[in-house]
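What follows is a single structure, written as structure tokens, with notes after it.
Chain lettering (A, B, C, D, E, F and G) follows the sequence in which the chains are written, and residue indices restart at 1 in each chain.
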Amino acid sequence: MAQNKRPLDALNQARNKRVIVEQKNGRQYVGNLISFDIHINAVLEDAEEREDGKTKRKLGVVFIRGDTITIISPA
Amino acid sequence: MAQNKRPLDALNQARNKRVIVEQKNGRQYVGNLISFDIHINAVLEDAEEREDGKTKRKLGVVFIRGDTITIISPA
Amino acid sequence: MAQNKRPLDALNQARNKRVIVEQKNGRQYVGNLISFDIHINAVLEDAEEREDGKTKRKLGVVFIRGDTITIISPA
Amino acid sequence: MAQNKRPLDALNQARNKRVIVEQKNGRQYVGNLISFDIHINAVLEDAEEREDGKTKRKLGVVFIRGDTITIISPA
Amino acid sequence: MAQNKRPLDALNQARNKRVIVEQKNGRQYVGNLISFDIHINAVLEDAEEREDGKTKRKLGVVFIRGDTITIISPA
Amino acid sequence: MAQNKRPLDALNQARNKRVIVEQKNGRQYVGNLISFDIHINAVLEDAEEREDGKTKRKLGVVFIRGDTITIISPA
Amino acid sequence: MAQNKRPLDALNQARNKRVIVEQKNGRQYVGNLISFDIHINAVLEDAEEREDGKTKRKLGVVFIRGDTITIISPA
């Protein structure tokens, strides 16, 4: 996720790796980044929802709507 | 809902299966995913609205406007 | 409002039938679904505004702006 | 404002008639519907702003930005 | 600002006349309407910001971003 | 910033002049307007952030995202 | 980040330099600006999240969704 020219290149480098996705409502999802699109809609696998660093729910696969996302970073 | 290239492929794999749809206002809808589009507008069948894990209302069929959705995950 | 391929097909099946439309501000409108468009702008006839299950106002015809809507379901 | 195929047809039928326009911020405007467009920008004439059913201000002509509107209904 | 077919025609009739522009955050700007565009971005001249009917600041010229505007009416 | 036909003409006249940019979150930035685009993204130079009329931070150059802006006016 | 004609030119001049990115939710990210696009989606490297001037989290690489950003400025 670095030394690229466009932001989506960085997401592409993170594919199949563990990332943390944070939402505007304060929720965090940690999982393997399976796919994303130009709206930043994203799908994570082996995902869990976290609150204050603790696992709140195991979700397996989760589709996250792009417009709810604030940041994506390696987990 | 996994190993796909685009986020909507994951939703496509979830068609006719039970999913949970969560909204920005905190509401949860559980039902069979009948259809969705690029705006993530979604239609669930045999649907119910849940609050804190408990059934609040049975809705049968429900159309959910895409821009209200935060996540979609297998139920 | 079921077994269709696209979310708007489900709304089309609900035409001229009684539906409940819920808004982001918590208001509910119940009436016959006369028309809708791709923005989910919707027009109800014989409509009433409800609060906590009780009729608050009778409106006759009402145009509801699509971006205010969270769900549409058979009434 | 009824029996039409598209939501804007219903607004068209309300032209030059008295309507109530409600906004996301809770304000109500009552006046003659002079014009509207696909964004639901609307112009009312002989308009007044109401709060809790009482006239708060007489405005004459008022341009209402479409994205602030929740519903439009015959007054 | 009346008897026109499109909402922007009404704004066009208000050009070079004194208008009040109200914003979603509750602020009011009064000034001569110099220009506007399809986003309802607007420029006022000899403008002042008002709060509760009292002048709060004299601004001279002010560019107001369209998406912040709720209504525009003759002052 | 006056006597023009389009709102962006007014911003163009303010280029290289001192302006105040106010944001939806209540922050104010004062600086020389170096550039802007149709989204009203703007770059100020020799900029400072102000709160209640007092300088809070000196920023040098600052890029301000257009959708956060409420008004732009000569400083 | 100055003397340019378009806002994105200023961001381009900041590439590979240390910047501060502030979000609508009040969070600050400081890091090297690796990439950005027309939506102002941005990728920072050697990044950290700050609160009240103190480092809260080290993130390494972070993708920041453009619509969450209020300002970008040299760190």
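Keep this in mind: a contact is a pair of C-beta atoms (placed from the backbone, for glycine too) under 8 Å apart; a residue touches a chain by one contact, two chains touch by 3 or more.
All values derive from a computational prediction rather than experimental measurement.
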Touching chain D and chain G alike: which chains?
none
Whole-Å gap between the CA centroids of chain F and chain G:
19
Distance between the CA centroids of chain B and chain G (whole Å) is 34
Nearest whole angstrom, what separates the Cα centre of chain A from the Cα centre of chain D?
42
Enumerate the residues of chain D that touch no fewer than two other chains.
67
From chain E, heading first to chain F, what order do the chains fall in as you go round?
E, F, G, A, B, C, D
Which of the residues in chain A end up touching chain B in this complex?
23, 25, 27, 29, 34-37, 41-43, 45, 47, 59-65, 67-68
Which residues of chain D touch chain C in the complex?
1-11, 24, 40, 66-67, 69-74
